[in-house]
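Down below are the structures I want you to see.
Common to both upcoming complexes is chain A, partnered first by chain B, then by chain C.
Up next, the complex of A and B:
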């Protein structure tokens, strides 16, 4: 461990409570501590770190490592944002009895992560308050955990419809209103059941993960290091660069590859341009959700030149395909830099005019202020990230807390609001656009010359762990890579920012009117399909059936009433 | 309230017409655009570099001894142009074409058969700067599940100056080597 790490406050707190943990901590990569604990210790340390030391729960990584060590592994990843530190608590569980005490009763943010660890690898979270099936399809056979190595990525399983998870019973006297399975304003698959008392929401239930794409399984089994970034960028239609960047940085950290500084700057510029167009898109969508379509039309008009700019700079509007392990594939030339500056000047001017109008528009405020309250306490407890957290006065931003690419040289200003409502989240995004424009200009000015790709000789070392958090427009996107033999990742785990934010929705829409639910859910910039990246299983037979309109109506009625 | 609406009205009126006339007018793509890939059977040496790096595995190469069959399933293509990047002969490249929608998937599938001979130019056929790109993809030549190549570098087989009928004509070796 480096001397700086030893000085850190959280470590003192941790060693006071658990004196023998100090000998188990290893720091292979700066900023990432790894401790291998017994299965009894792990939940205790996790609870203490989160509830007493203020750690933020990031994700769990369940690994089927039976081919290597004959057991299962589970890692709980925690982040100490103020101290710029990740802590990985790892435990090996025997193959015939993979149980671990659930931390969800004390750490609510771990709820989905533990359920997913059971669904995908079969680690049983003992004492979990809500152990229903989360990510697997309703008719997936029971007792099969598809991320285990014995299943191929294209294994087909029989359909067993009796395994559908039970639905949450609505509170006494309330009405159930379904919202989904296609979310009405974002055209993405998500199914909310809202429990209403009159017009007010008194509870909700979520079932999602309809859009499985098996990327983790493919990363574990099929793809090699340089194929994964291109699959990673397909995870999201907006933050593709974020995912591919997080993955390559995780591998680079694990394998100690020295990425040239110019490549890091290019990544940074592309990431910030991506944030600009994503925020412009979101503000437009928010206007659309509350039926203020002038905002939608004008914001998307302003955004379009950014998309054309990206096409000129990278060759594609959205999937830039720029990242490889060790660097980037193309340079930003002088002409491209001029082009970027010119477009940004125009965007800044036009966006400023819109912001000036929007900030004093009382009709907008009436719909957004004091709607969808997520208190600071709840935002912390549920592990909210990104503008959702920053709108609730939780000052976390990975660009500052866990710097990646070239952000440590750019002096990023966190945009924080304390309104805790939809309006605060809107303000955070509006101001972040200006901040991003400033960062792109600064990065273009500071960008050093030199190569854009590191020289990599020979194979990459196996069994190293690399973590990287990248601040997407919607929050922290976290990637975990464990390197493997034969030059391919052994385990690649990713967590999209919507994953923790979606868990905070139940809290956010509690007590609001039904008409405000779409903007509440919209206000954290959800990306349902990014959250759903686990296992693809075509359980249907090849039979094709065309439903008539009457049949469909009947089906949907039955589904709604049942 | 009134002031905000006035400002918004000014923005709307100032915007003018922004929509493009596409598809009634052509919409040119920028120079770096990566469109549908095109290939030249006369240049290909069937080294398999493209198939190895292709992330969605839309390029598949089958080693059939005398010949190598390369299949392009462009309906899977994600237009990353990695194939172009690694190709030592630049026998494959992205074009400007983006209007690839079709009701028939076979419009996007093509096959190329390249005759192989014993090795004459080893070492030149598939060399990249990036060591990772030499790592062999799992099952890239249709191996059984779980089998991984132990060599680390491709089994490179350069082609023979052999003439095939039709579009698959290979020009004599001498003309190709630069």
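Up next, the complex of A and C:
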């Protein structure tokens, strides 16, 4: 462990409570501590770190390592954002009895992660308040966990319809309004059941994971290091660069590959351009959702030159195919740099005009202000990320907290608002566009010369672990890579920003008017494709209920009594 | 035959219902893109509608996951005849890189008959407009259609569909 790490505050807190943990901590990669604990210790340390030391729960990684060590592995990844540190708590579970005590009752953000660990690998979270099937399709055979190594990525599993997880019963006296799986406002399939008392939402039930495409399984079984980035970018049509960049940086960190600085700058520039077009897209869609189509048309008109620019610079409007482990595949030439500057000048000027109009528009404000409240405590407890968190006064931004690519040299300003409503989330995104334009210009100015690809001799070392968080337009995308033999990843885990944000939606729409539900769901910029890269899911959001059951009952009773 | 009928009945205004069946979003955004000022597909009378019962054409993106297949089938049945089905993007055309993973059926034509295929990852907005025009017979076809052999999949789609009969597909 480096001396700086030893000085960190959270470590003091941790060692005070658990003195023998110090001997178990290893820091193979700077900023990433790994501790192998027993299965009794792990939940205790996780709960303590999250609830007493302010750690942010990121994700769990369940691994089938029976071919190597004869057991299963589970890692809980925590982030200490202020201290720029990741903490991986790992435990090995015997193959015939893969159980671990659930932390969800104390750490609500772990809810989906633990259920996914059961679905995909078969690790049982004991005492989980809602242990229903999350990711797998309704009719998937029971007892089959597709991420286990004995299954091929292309196995065709039979259909067993009796396995469909039960739906959540609506509270007494409420009306059920189904929404989806295909519905007009959002692009992607998801199935919400809203429980209403009159026009007001008193509860909700969510069924998603319609877009699960078995990406992780492909990465674990079929592909080698340099093929994965091309699959990773197709996880999402908007933040493709984010996923491929997070993956390659995780491998580079694990294998200590020195990426040339110029390559890092090129990644940064592409990432920021992606953020610009994503935010423009979102603000337009938000306008569309509340029937303000001028905003949609204006912003998409402003956005289109950015898409053309991307095509000129990278060769494709989306899916830039730029990243490889060790560098990037193409350079940004002087002419391309000029092109980027020219387009950004135009975008900035036009966007400024729209923002000035939006900021004083009373009808927009009436629809967005005080709608879809996500309080700061709830945002923290549910692990919300990105503009959703920053709109609720939670100042986390991976570009600053866990710098990657060339962000440590760019001095990023976090955009934070304390309104906690849809309006605050909109403001965060509006200001971030200007910030991104500034960052691209600065990066173009500072970009050093030199090679764009590192030399990699022979194969990459096996059994190293690398983590990387990349700030996508929607929030933190987290990738975990454990390297394996033959230049293939042994385990590749990714967590998209919508994954935690989606868990916060039940909380956001609690108590709002039915007509405001689409904008609330829209306001965290959902991207189901990213989230559902693995399979199909059914979820009840009872973990993030603001009303207790008693309160709900009270409500319905009052209604009956008039 | 169907395209003759469509040419006659739909060529002045084609209403589209867009559905994402396991796409990455890339194609979906390009579909919306053709509505915005630079491409403005509404000048051809095409527009997106909110319900398949109002639609003349289904625009399908994505490689069709196991979970979405029954809903897609019901969507197809809900669209009134005559209808055209447009598969947008490599995913909907043939399943793209995940065509044979355990949760993917591998393309829209595994579930519903497809009239026009628009490949590309994602296809350019111009290509989408061209494909829609092709479906309507507004531009001449350059290739002869070929019948593809049905590839049997390892599980029983009809069993799925029966199970989903009671699930509402579209609600406004």
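As a convention for this text, the second predicted complex is superposed on the first by the 533 of 562 C-alpha atoms of A that agree within 3 Å, B and C clash if a C-alpha of one lies under 4 Å from a C-alpha of the other, contacts with A are read in each partner's own complex, and residues count from 1 in each chain.
Heads up, the rule we're going with is that contacts are C-beta pairs under 8 Å (C-beta built on N, C-alpha and C of every residue); 3 or more make two chains touch, one makes a residue touch a chain.
Everything quoted here is computed from the prediction, not taken from an experiment.
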{"item": "Which of chain B and chain C A:39 touches, first, second, both or neither", "value": "neither"}
{"item": "Touching partner for A:369 - first (chain B), second (chain C), both, neither", "value": "neither"}
{"item": "Which superposed partner A:324 touches (first chain B, second chain C, both, neither)", "value": "first"}
{"item": "Partner chain in contact with A:312 - chain B first, chain C second, else both or neither", "value": "first"}
{"item": "Touched partner set for A:47, first chain B, second chain C, both or neither", "value": "neither"}
{"item": "Partner chain in contact with A:238 - chain B first, chain C second, else both or neither", "value": "second"}
{"item": "Partner chain(s) touched by A:138 [first = chain B, second = chain C, both, neither]", "value": "second"}
{"item": "Touched partner set for A:224, first chain B, second chain C, both or neither", "value": "first"}
{"item": "Chain B versus chain C as contact partner of A:8, first or second or both or neither", "value": "neither"}
{"item": "Touching both chain C and chain B, counted on chain A across the two superposed complexes", "value": "230-231, 234, 297, 301, 304, 316, 319"}
{"item": "In the complex with chain B, residue positions of chain A that touch it", "value": "152, 221-228, 230-231, 234, 294, 297-298, 301, 304, 311-316, 319, 321, 324-326, 329-330, 350, 353-354, 356-358, 360-363, 453, 455-460, 486-488"}
{"item": "Residues of chain B defined as touching chain A within the complex", "value": "1, 3-5, 7-8, 11-12, 15, 18, 29-30, 32-34, 53-56, 78-82, 85, 129-133, 135-139, 145, 148, 152"}
{"item": "Residue ranges of chain A in contact with chain C within the complex", "value": "137-140, 146, 151, 153-159, 161, 164, 177-184, 187-189, 191, 209-215, 217-218, 230-231, 234-238, 240, 281, 296-297, 300-301, 304, 307, 316-319, 527, 529, 535-536"}
{"item": "Interfacial residue positions of chain C with respect to chain A in the complex", "value": "18-30, 32-33, 36-38, 48-52, 62-63, 65-68, 71, 75, 96-98, 100-104, 121-122, 124, 153-156, 159-160, 163, 167-172"}
